[in-house]
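Every chain is named by a letter (A, B, C and D) in the order it is written, and numbering of its residues begins at 1.
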């Protein structure tokens, strides 16, 4: 709300799932280390971590195929971000992290008023999730070095273009991990 | 739609989950046999079965407690309705079968235009699911002998009162199982 | 939320629109005086009044006809509850007050955590609005003498049956107007 | 759906409202002529035109101000696109054309399976509306010379960047008006 300081952030990690091919040496894999650090820092700050991964059903009648079919291991969070016992796992049915699921309900009922967003891709799931979060009136922070355009064929500038929209249109904050930590994820004493 | 005959029904079974105490000899257990028959008939008619069970998260901040906490066996479909490999399992976050989940999206993308509703309770989940289905513009059929008010303390007439609303207000059909079968679930030849 | 006292109620008046035939001497017209008193009391208590009326579009492809077609005077709040300049007017596209509109968004952004519901019909719009309010996690209060089943043909007990569901299933409060006033709508001094 | 040809397009015109300063000689005003032609062509092809304009309420608790406050003339469609009697007018509560309103319900109930999107801004409302349309499973077409980034301060390439996302990520078609007409809006004979 306009008049109050955000008080309760949640860290949302998008599509860091086995089905998307995060393997050592693969395109963009270096980012995984940063996301791991984000998750550990969230734990230390007593901030809830929510993984939102894609899920498709065989009945979805999609034109395109999908690697993220319900019931397969591809939907699982990658080993580098395990274990997930303390985290919340939510499946999104299409592009946005809020797509046809309980993400908004879950955030609201826990009193969350701010989302710290990481994951892939910046010009796809990260972008739509930022927009929906804004429209549901959460404060939006995107972690610049914890997001990427995870498709090799895209032109240079694809990530920067999406971040410009998040900043200029959605009025989100785009910050590197160290600044996110010092500003929003300081270790909790309790 | 107004001008077309319904063509694609889906059977929705509500809250027949372990956490609700469906045990031989318990209040209302007799109905389980009917729901099993409904499911088998749906299979024979090549009609998709969807189970919608409740799911709560520890962060939900509920005034009341819940037996349906995420990660527990209470959320599983009861043994009498197993196996569920051919079925779709969807979790509802609160009362209605459409509550904060992908039920509408899943029904629409499979081309469903009619729901055949069974399960418990008639004056709770069945009622709200019928209303939401109507509002999303599916034709609504409730199976009279496959639903009940699954709380012993309620007065006589609680079930009939809810069915009156489904008929008079929601313009749903309320039919016994044998009529549902002969009208909508005839065995398919393919 | 579980741990906090409700602080910000909103009064929601459902379907008290010209198209529903609220005329002196007509079935149920006596209730209009009570709803007028509820509205005046809300004003005195600095509580926002929201009217939610039905709206249909010619493209809706409804099986049934409708008196509530977009662009007609039938959608207007009845003269007895005018003027409405200080109120919020929201249109619902089908049965529930939350149906395909901005009611939830509007309530949330104003910080509302409790709805005081009045209007017609108890076993239709009032019932679905109460259920949706509960599922969006607002505290629900229904004003017993400001609601009715506004269809003469329904059996006795239709209203009481719907109120039983609101109390027993939705855990809503059902109170007469004078108790609602003394408990939630005391005149404000500011 | 995967297996069927789109059959029923709807033209959606976004935020061509008085409050956004579309005046002769102003930044981007030249586009208005194209959008007028799109509307006339839709009429000739018997395709429904839907205007979706922004609407804010004084209770919205926004950090930023807004020119689009409920009850003001700023919300009206600009004179150049009048009259609107044959069109559908829908208000969006925040950024996307689908934001907290009945756009999806209205499109679905009329049997629409494809949206032809025009208006402003390409990297804001047009982008979010395209994404939501895709996620609700409508085929998406954006009219390249009927959309712009309607903010002078943005860098060159802002429009192209947003269109790249619509094409590469959302798999939408981006076509100039003359191709949209010849492909989807041929004059109807009835």
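Here are some notes:
Here is the rule we go by: a contact is a pair of C-beta atoms (placed from the backbone, for glycine too) under 8 Å apart; a residue touches a chain by one contact, two chains touch by 3 or more.
Model, not experiment: these values are computed from the prediction.
Common neighbours of chain A and chain B, by the contact definition above: C, D. Counting only chains that touch, the fewest steps needed to get from chain A to chain C is 1.
Of all chains, the one whose Cα centroid sits at the greatest distance from that of chain B is D. The distance from the centre of chain B to the centre of chain C, each centre being the mean of the chain's C-alpha atoms, comes to 28 Å.
Centre-to-centre separation between chain C and chain D, using Cα means, comes to 33 Å. Inter-chain centre distance (chain B to chain D, centres taken as mean C-alpha positions): 39 Å.
Under the contact definition stated at the top, the residues of chain B that touch 2 or more other chains are 1, 61, 94, 100, 109, 111.
Contact residues on chain D toward chain A in their complex (touch as defined above): 1-3, 61-64, 94-96, 99-100, 121, 123-124, 127-128, 131, 134-135, 154-155, 157-158, 161-162, 164-165, 168-171. Residues of chain A touching chain C in their complex: 1, 108-109, 111, 137. Of all residues in chain D, those touching chain C in their complex are 48, 57, 59-61, 88, 93-94, 100-102, 104-106, 109-111.
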